[in-house]
Structures are given as structure tokens and as C-alpha cells.
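One structure is given here, and the rest of the page talks about it.
Just so it is clear, A, B and C label the chains in written order, and each chain counts residues from 1 on its own.
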């Protein structure tokens, strides 16, 4: 082999580096497509949702704090009645309550599956949990309607429809998601953490509580936020049990409504481009923005919690 | 294995691209979109149509009257189904739309079976839905709170009910449901519940009420003695042509009107003794 | 109380929680199966649905569900794996990457009805795909991508960096390390993500109502030419899936046996998700074994 050939082979891109470039381009292309989808959805929802404020001249503050939702009629001053406060409160109430109820259960089950009995966990709990994700929300809704609503009616009074029933249904719906993500978080804690703790003479519970859970706080928080986002965006099942009354909820057992339930109910009945339709898109925009705020709040709490 | 996978992927994407580019498909089809109440009827008629004329397909979609009217106005479908006159919907310019009234449907108030009341006056009914009467005791029933279940804003059934019962009074904020199936299930299972629904959906799980002594039957609707009814509309953008025209004619033919429309609980248009205009003027049909 | 007692108490509580969860889940499953299975028959599984008489089946709906699932996974799995690889292995750690990550996370909580309307306006109307399997598959892709991407990224991230270093030490490029070392090792996690995704697709209704549509025109199972209008494979025909069918007969359907049909359909749906789970797990384990040389997942 003469010098020229060696030089050429050294200066030429190797097969591996070509491969490398190829890989980078392919994977970059994939993420570009996803980003394009994300951006177009944001643009799409924002352009429709903001039309209520720019095109139909609804006051943003009135939209957020008004309590009467009746887009086809106008109030005494001739402004359309699009007050979203009852739905905003309803959405937040069911989401937070469901998350508060579901979190301890999810963490408990996840700890059981990873620390106490991985065998039962993987053989029994995990398949069942994955299966539950596949049950359509309509089915959850119908079970809610035929089991949860009568239960609430007999136990707590009222008609049975309301935030409490919504909370129960959402609790069962987000439990699988939160649990399986928490399991992932616990599994990613390195084994030597546990071994070190046990070697120091800590009991299993002390290891779990003081080492494993502490080490996976951020993962658990992500799981809970994810579950809350799902609860916030869930439509069909909640719509069936919450009652859909656009009133400010005064207690947990009177009919209320959520952003999604109003959105799903109204979409087919309104005409594209009309105010009633645009107002619904504004609700969709709210739905997009809210999880963002959850994220920020919970991350902030997580950071503060992690310091101690 | 990788090669096979890639070939498969390539073939699929080729197929998608080919068909996506609008390579001429064999067969002919039109799409009808809109009112979910009208959907089963049009679907049944469409199935029959395909059986009789192989290769011609009717695609029937729900989505609500609002969607149907928006889409027919935008020209993206051939037929828009609606429970309402296009003129009643804000945001719709009805000028270019041609109305085909294919059936009539009556709407009846329904209550939970445990409520022993059989008859109400029109004004009592209106007072229940406006929130002025809140207990069945006031109407001669048991001491039981009235649970009002309304339909979603903008739904055709609610519009019909409000127009002929409320007559301009506003309904109170109450539970709302967007589908008849849900309403039926809730009224059947909730003590003291009252709502309203189209005749074809009424079954033994709940009870209908008479209004001022008139029973909600097809006969009474045909003579307008029972006033709470509406037309089911199928709109086309301009005069229907080709397959659309053929299908519209088919759905208005006697066979379909008798065997499907009547069978499903709707009232065939030709059985109506009266007609009613958009503004509510009633005239006898000779 | 000392640490040992606490340990006992905590363990008991954890057992109780797990039993409670198993109980709730078992109740749900049994409820669905017990109320549904008695109504399932061969005729029901293969028959054609009826629009107003009793005795309809779900044959076409079931086929549509499976076909749609396959199409949607064909589009979304390669995309999400690529995107996950980029995010986990190539993306620079800066605010832009974080923004993208957060945006994807937010997208995953988007109510499916919004995804459905987005798909309706973009795929069905703007791209003129109409109410079709293709629009449905694309909408499901939009709906499923964020979750899958996230899951892929997470499972790649959880692979220890020493594995990558081992790859580099062998003279592999970064891409080769990813493909031959990291992805195979992360396969179980990716498969779990896919199973969750498939379950969600199979059970999704709201995103499909406006895209794949709610009608099931008669199919001609003897003609598999994708361009024939009544061919089962035609991606431009409208296709009602099982979940949409359940939703439809419960909302405005007037068939007299709606409760029975919907209970039976739910049972079939759950059984299918179960079947998919087992199949995916089996294939995943085989693949994992073949790619990494590990006999069985520990």
C-alpha cells in the first residue's frame, strides 16, 4: 500500500463516521417531525382559542372569572356570557383530589412491586396494570355510572353526580399510569444504594423510606404530574359521572363540570368559526396551558423537598 | 428479518402514498355527516342502498348537527344531517343550502318510573325546567326533590324542547348530557329525575308524561296536537347531483319511509297531516 | 416502637395496599368480563353490526381496530424510537432540549377530543383524506407519539453509562453503540411503552370519532386490493373501531340490545388487550434474548 492510499483512507470519512452522521440525521429527523406536530397543534389550538379574545372581543379576565357559561346569549351590556370559572374549579378539584388519593396507593404498590415482592409484582400486578390502561374510558365511565354514582348517592346523599364520583373514577383511571411510572422511578435507583443502607444495619423499611424513596423523588413527582395531566385531560369518563352542571361547585356531591366535559359536549353542536365554537377552543387552550403550570409548581416543590 | 421489515414498511408507505395521492379508486361513495340522532336512520338506509346498487357506498358519520352544517357549508361533504333548520344555527349561511326534510321526530318529557305523576300542564313543565318548581310534592307527587337533566347547549332536541315548552323563558343551569343514551340511563336510575327525549329512544325503563291531557304518540304529532316535534333535515350544498340525488330520492321513497323510518320510531314525512314552517306556522296538508 | 417493628408495620401496610389495588383491578376486570362474556358468541364476533335491530355483531369493528392499530404502530414506533434516541443520546443539554421535552410532555395530556378535531381539520379536510383509516391512524400517531417518545427516552436513559463506554472502548461509533448496545438493553422498557401505547390506541374513541369515522360500510373480504373501495385494506375507507362502536351504541344508538352489545364488546376489547400484552411480551423477550444473548429477563 503506498502512502497516498493510506492518506486517502485516513482523510476519507470512515464507514463508522458515515454511519454516525446517518444515525444523527435519522433520529434528528424523527424529533423534528414530533416538534413539528407539537408546534402545529399549539399553533392550531392557540389560533382558534385566541380568536375569542381578539376576534370576538371577550375580556380575558371576564373569561377566567365569569361564572355563567352560555355563549349563545349575551348579558345586559351585550357581552357574550362565557365565564369559565365553574369549569376551571371543577377540573382542578377532580384532578387534585384524584392525585391526592392515588399517590399513596401508587407509591405503596410500586414499593411493593420493586422492594418487597418483585416476583408477584412482575407476574401479577404489572400485567394487570398494563391491561387496565387499555380499557376505554367509555367503559370506565359506565362502570362509574352503574357502580360509583349509586354508591355515592346512598352513602353521601344528593343525586350521586358530582366531584366526588369524578374523583373516584379518575383515581382508578390514573392509578395504573402513576404506578407503572413510579415503578420505573424506583427501579432506576442503583442497587448499591440499597446494599449500602442494609449494610449499615438499616431495616428494609428504613432503606425504602430513607434511601430509595428519597433517591427517586423526582421520578415519583414526574409520575404524579403525568397522572394529573391525564386526569386533567380525561373527558368521556368524567363527563358521565360529574353531572355537567355549569355551576360553581359548593360541595363535593352536587353536579359540577370540567373543562373537558364542556368541551366534548359542545364541540359537535356548534358551528366552526362561531363564537360558541371559538369559546370552546379557548377552553382547549386552557387545557394546554394548565399542565404546564402543574409542571412548574410541582417541580418547584420537588426541588425544595429534595434539599432537606 | 430486518430486510423483511423494511420491505413491509416500504410497501405500506407506498400503498399509503399511492392512495393518498388520490389514485382513482374503484367504486363510488358519498359522505353524510352530522346529527347523531339521524345517524342510525341514514346508516340503515345507506346499507340498504348499497345492497341494491352494489359498488355505491354511503358513508354516514355522526358528530352533531353543528358539525354537519359546518361541513356542508364548507363543501367538504355531500350531505349534512341536522336536527335543526340551518337558519336557526348562528354562523351558518343557509342561502346555498338545500333542505331535504326526511322524517319527523317527536320529543316527549320523561321521568323516573317511581314518580307516579302521569300528566302535567305545559306551564308546570316549563316551571320545572326554569327552576321555579323544585319538588314533586307541589305537583301532587311524593316529597322528592326534582332532578332536572338537560341536554347540551346547541343540541337539536334541547332546541326543540325549549322552543315549544319554554317559549322564550330561560332554562335553569342543571345537569347536562350530550347523548340520549346517557339521559335515558340517568333518568332510569336517579330518583326524582326528569328530562326529555325523542320518541324512538323511549323504552320501558322510564315513563313519558302527557301534557295537558295529550299523549305523546305519532298520531298526535301528525296532527300537531302534540306540538313538541321537529323535522330531521338532510342538507345539500346546492341542488343534489349524481349519487347524492339518487340517494336522496331513495331515502324519500315509500319503501324506505315505511320500512326503515317508521320501523325505527321516526314518523315518515308522508304521514304528516300538517306542515310547519321555520317560523312555526302550521298549515294542513291536503 | 423500634425500627424492627416499624419495618413490620410498614410491610403489612404495603401488602394491604397491594391487595387493595389487586382487589379493585380484579373487580373491574371481573365486572367487565362477567357482564360481557355471556353475550359473546361466534356470530357476535364475526357478524355485521346492525343499525337498529337486535342481534348485530362486531366483526368489521374488530378488524378495523386491529388494522388501525397496526397502521398507527407502524407509523409511530419508528418515529418515537428515533426521537427518543435523539433526545437521550444526541440532544445537547440546554434550554431548547428542555423546552422540547416539556412540550412533548404537555402534548401527552392533551384531551383526545382536541387531537381528534385537530386530525379532522388537518388530515380529513385539509389533506383531503376524508373520514378514513389513514386519518385515524395519523391522529392516533399524534395522540401516541408523546407517550412513546417519553417512554423510549426514559428506558434509554436508565441504561448505565458504563454500557456505552464499553461500546466506545470496542471502537464502535456512538450510533453503533446506540443500535447494538443501548437499544437492545433498553428493549424491555421500550416494549412496556409499546404495550401501554397499544392499549391506549385500542381503547381510544374520542380521537377517532372525527377522523376514522363512525360508520362501517360493508366490506368485501374476498378482495384484498387496497385500492378497491370495499376492500378491507383500503386505507381511505371509513372505519368504526370497537371502542367507537361501544361509544356510539351507548350514546345515540337505538338498537334494543345496546347494553348487551356494549358489555360484550367491552369484554372482547379487554381480552384483546390482554392477548396483545402477552404477544408483545413474548416477542419482546425473544428479541431481547436474541439481541443481548441473555436467556431470560431476570
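As a working rule, a residue touches a chain if its C-beta (ideal position, glycine included) is under 8 Å from a C-beta of that chain, and two chains touch if they have at least 3 such contacts.
A quick map from chain label to UniProt name: A = Phosphate transport system permease protein; B = Phosphate-binding protein; C = Phosphate transport system permease protein PstA.
Predicted model only: the values in this text are computed from it and were never measured.
When C-beta pairs in contact are tallied for every pair of chains, the largest tally goes to A-C.
In terms of the distance between Cα centroids, chain C is separated most widely from B. Here the spacing of chain B and chain C, counted between their Cα centres, is 33 Å.
For this pair, chain A with chain C, the centres built from the Cα atoms lie 17 Å apart.
Centre-to-centre separation between chain A and chain B, using Cα means, comes to 34 Å.
Of all residues in chain A, those touching 2 or more other chains are 264, 267, listed in ascending order.
Residue numbers of chain B whose C-beta contacts span two or more other chains: 36, 62-63, 67, 74, 178, 182.
In chain C, the residues touching two or more other chains are 78, 250. Across the complex, chain A meets chain C through its residues 16-17, 19-20, 22-24, 26-31, 33-35, 37-38, 40-42, 44-45, 104-105, 108-109, 111-113, 116, 120, 124-125, 127-139, 142-143, 147, 172, 175, 179-180, 184, 187-188, 202-206, 208-209, 226, 229-230, 232-236, 260, 263-264, 267, 284, 287-288, 291-292, 295.
The touching residues of chain B, counted against chain A in their complex, run 36, 62-67, 69-70, 73-74, 89-92, 147, 152-155, 170, 173-178, 182, 185-186, 189-190, 193. In the complex of the two chains, the chain B residues touching chain C come out as 9, 12, 15-16, 18-20, 22-23, 25-29, 31, 33, 36-37, 39-41, 43-44, 46-47, 50, 55, 57-63, 67, 74, 76, 178-182, 200-201, 203, 260, 263-265. Residues 68, 70-73, 145-146, 149-150, 153, 159-161, 239-240, 243-247, 255, 257, 264-277 of chain A are the ones that touch chain B when the two sit in their complex. Chain C meets chain B in the complex at residues 51-52, 71, 74, 78, 124-125, 127-131, 134, 209-210, 213-215, 217-218, 226-230, 233-236, 238, 248-256, 258.
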